[in-house]
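Note that chain A is present in both complexes that follow, paired respectively with chain B and with chain C.
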Partner chain A sequence: MKYEIRFSGSGGQGVITASVILGTAAALHDGKNVIQSQAYGPEARGGATKADVIIADEKILYPKAQHIDYLVSLTQKAANKFIKTLKKGGIVIIDGDFVELPDSPDYKIYRLPITSNTIAKFNRTTTLNVVAVGAFAEMAGLVSMDAVKKAVIENSPAGFEEMNIASFELGRDLARAAKKG
Partner chain B sequence: MKYEIRFSGSGGQGVITASVILGTAAALHDGKNVIQSQAYGPEARGGATKADVIIADEKILYPKAQHIDYLVSLTQKAANKFIKTLKKGGIVIIDGDFVELPDSPDYKIYRLPITSNTIAKFNRTTTLNVVAVGAFAEMAGLVSMDAVKKAVIENSPAGFEEMNIASFELGRDLARAAKKG
Partner chain C sequence: MKEGKYTFVQGNIACAEGALYAGCSFFGGYPITPSTEIAEFMSEKLPLRGGKFIQMEDEIASIGSIIGAALSGAKSMTSTSGPGFSLMQELIGYACIAEVPCVIVNVMRGGPSTGLPTSPAQSDLLQAKWGTHGDHPTIALVPNSVEEMFTETVRAFNLAEYFRTPVIILGDEIIGHMREKFRLPEPGELEVIDRKLPDVDGLCRLPYRADGKHPACLPNFGASRFHVTGLNHDESGFPTMDPSIVQESNSRIIDKIYHQRELIDKVETKYCEDAEMLFLAVGSAARAAEEVVEEYRRKGIKAGLFRPVTLWPFPKKQFIPYAEKAKKIIVPEMNLGQLRTVVERFARSEKVIPVNLVNGEPLDPEFIMSTIEKCSK
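Moving on to the complex of A and B:
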């Protein structure tokens, strides 16, 4: 198996951390091969930003994401920019509070109310990225939830472990509700 | 110009953050093209970890670091593992408090007392990675110090900006002292 996952949003939303959490979970706890990367050009300033994770059972020979299986977009700008990088039949998870994408036969789309629920629970949006990781992990089922939880803790600044775990669980629950819906 | 930089150490030392700081500095503030990546296999658990930055004026076609120009190693395990990935004539920066590498005609080595100075100044080693970024930036001169400083602030958790800037400056000063010999 080999999967390519792209987290996208605006600078400062922590999409790199989201990817690192997912990558370490898959590699260190689930024993997969992982490459996590971000490419920036001069145009990155102020624009849509992305961070990629490739997860595979085998050694990954070409390290650049090319056929995105799962796209997570936290802003409209990011969704508009990266939806065309999704492979046919791919899955998109968007923050349904702020991002609009049309339905399409080319992909399956999940609209999760990420921002509104994060603010309702924590009164701030600092951990939006960890909510997104929880939502992705539950939705895709590629990595064990236990591994992701461990990686969330390992990648938390001291003192933020509890809030990050609660954020992870919020994302998981939003995805569960959407799957049922 | 094209340069490949590898930060290495043990898990939890923040070598990914060090690379992200350097990468964002070069891309967002100095207008370079950058790819920042980490590859993990199952063997990564508990072992030496690395994070790579490629900085170039031109578009980067092959995203994997192959000929490391600068290696920064914060642990002996990492130095032993990655010294062989350094290209001939490359530059190594090690934490001279804990890491030993022999002199060699194949590379130029700088031994900086990173850990002892970080503990002396902050009474803990949390920001060792940012000290390493400051040391590398001063030593290599590839990225403007002002850009790195901005990136340090942007990549700081709220409340840690001041300590991270002080750590960056400590690394810069250690490198300056070493350059003078």
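Moving on to the complex of A and C:
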């Protein structure tokens, strides 16, 4: 099996960190073959950033994502830009508070109120990216929850572990609710 | 998974870890995308191990600093990308003629000039070989995975110290920035070569007298005194214009490498024995090529991959037999045909299919296959 996951959003939202958390979980804690990569422009903030994770049982040769199975988009700009990279039959997770994409027979779309729930719970949007990781992990079931939790903690600055784990769980809750539909 | 300590880091970090493993104790550099993580990591870790990190004012000063540090006994390294690599060229030649061991990492990006700072390219393959003026030895290694960024950096230090010459590592933005899992070798697991010191105290009279085919031993400044110059010099290190000495010493610094190719050459081959379509590629382009080779083999096409891990000196002895047997030689590279010029020295140009991409996008398997299809029509 081989899956390609693309996190996308605006530079500064933590899209790359989200992919690193997922990659660390799958590579070091679930024992998979993983490559994480990113592409960005010269600017430090803004723009449409993407960060990809390839998770496979077999050796990964070409290291860049080619046919995206799961697209997570936190901004409209990123969603518009990367929706065409999604494989037919792929799954899209968007921040329903800000992003809108039409329904399509080509993909299944989940609209999660990520920003509003993150603000309601933490009074800020800092951990939006970790909420997205939780949502993806719950939705896709490709990595074990223990592995992701370990990776969340490993990638947290000291003192933010608890908040990040709570954010991860919030993401899972949102995904469970969306699945029930 | 094999037992051991695994890590999931960027290629650039693996390179810096490899440098520490090899015993690097001095880093002088100037930050530039996409190599900055190497300098960043070294600035944090080197001082903790008693090493020195200096951020220099530019890349000319950076390579000057590592040459000076190497002469004083340190294993030294700098890292940069295309624009900085251009600035370093003159002093790379200085390190060649003064026979100073050092490691220069160039994480390649789009060019020419400032080009595409955050995008991948393989634009400096020939600059690594011919960038500095004058005839000179060149050893350049091209890793294609995060693990190789570690192991090839260790090897780069070993070759630099053994041959008393600068060694260049050609990474690219993809390999430098991607994260991949690898097992950190235990101390002692990989060979680490330290430079041979001469048996002298005080004044070293003949720091450039070679020991047969081996390079001369390098005395450390501080422990002894000797003369270092970029002018042609005799065995004492002082300038000379004596034609026979200059002829001999200019040849010697190149011959010391060519006479011991077995210590330098490294290639990876896959299905080359019966390959009718032979792919020649390095770095991240080789990973795309490998995927195409696997795809072709599944379709029953006899494809094979020849990947020089040591690009310079070019492994022609290993390449020529496969190149002669192959019906087509495909050369995918993220430049406009640098490796192709090398291949065409060993194979008829009608046999060669160039696959070139310079738009800042990664060279992917589909692009290689579509280019081959177009050329075959």
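Everything that follows uses one rule, which is that the second predicted complex is superposed on the first by the 175 of 181 C-alpha atoms of A that agree within 3 Å, B and C clash if a C-alpha of one lies under 4 Å from a C-alpha of the other, contacts with A are read in each partner's own complex, and residues count from 1 in each chain.
In this text, contacts are C-beta pairs under 8 Å (C-beta built on N, C-alpha and C of every residue); 3 or more make two chains touch, one makes a residue touch a chain.
None of these values were measured; they are calculated from a predicted model.
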item: Clash-or-fit label for the pair chain B, chain C on chain A; value: clash
item: Chain B versus chain C as contact partner of A:66, first or second or both or neither; value: second
item: Touched partner set for A:12, first chain B, second chain C, both or neither; value: first
item: Touching partner for A:35 - first (chain B), second (chain C), both, neither; value: both
item: Which of chain B and chain C A:153 touches, first, second, both or neither; value: neither
item: Partner chain in contact with A:23 - chain B first, chain C second, else both or neither; value: both
item: Greater chain A contact set [chain C / chain B]; value: B
item: Those residues of chain A which chain B touches in one complex and chain C touches in the other; value: 20, 23-24, 27-28, 31, 33-42, 63-64
item: Contact footprint of chain A on chain C as seen in their complex; value: 1, 6-8, 33, 117-118, 174-175, 177-181, 284, 287-288, 290-291, 294, 362, 364-366
item: Complex contact set, residues of chain A against chain C; value: 20, 23-24, 27-28, 31, 33-42, 61-64, 66
item: Chain A partner contacts - residues on chain B that touch it in the complex; value: 11-12, 16, 20, 23-24, 27-28, 31-42, 44-45, 59-60, 63-64, 126, 154, 157-158, 160
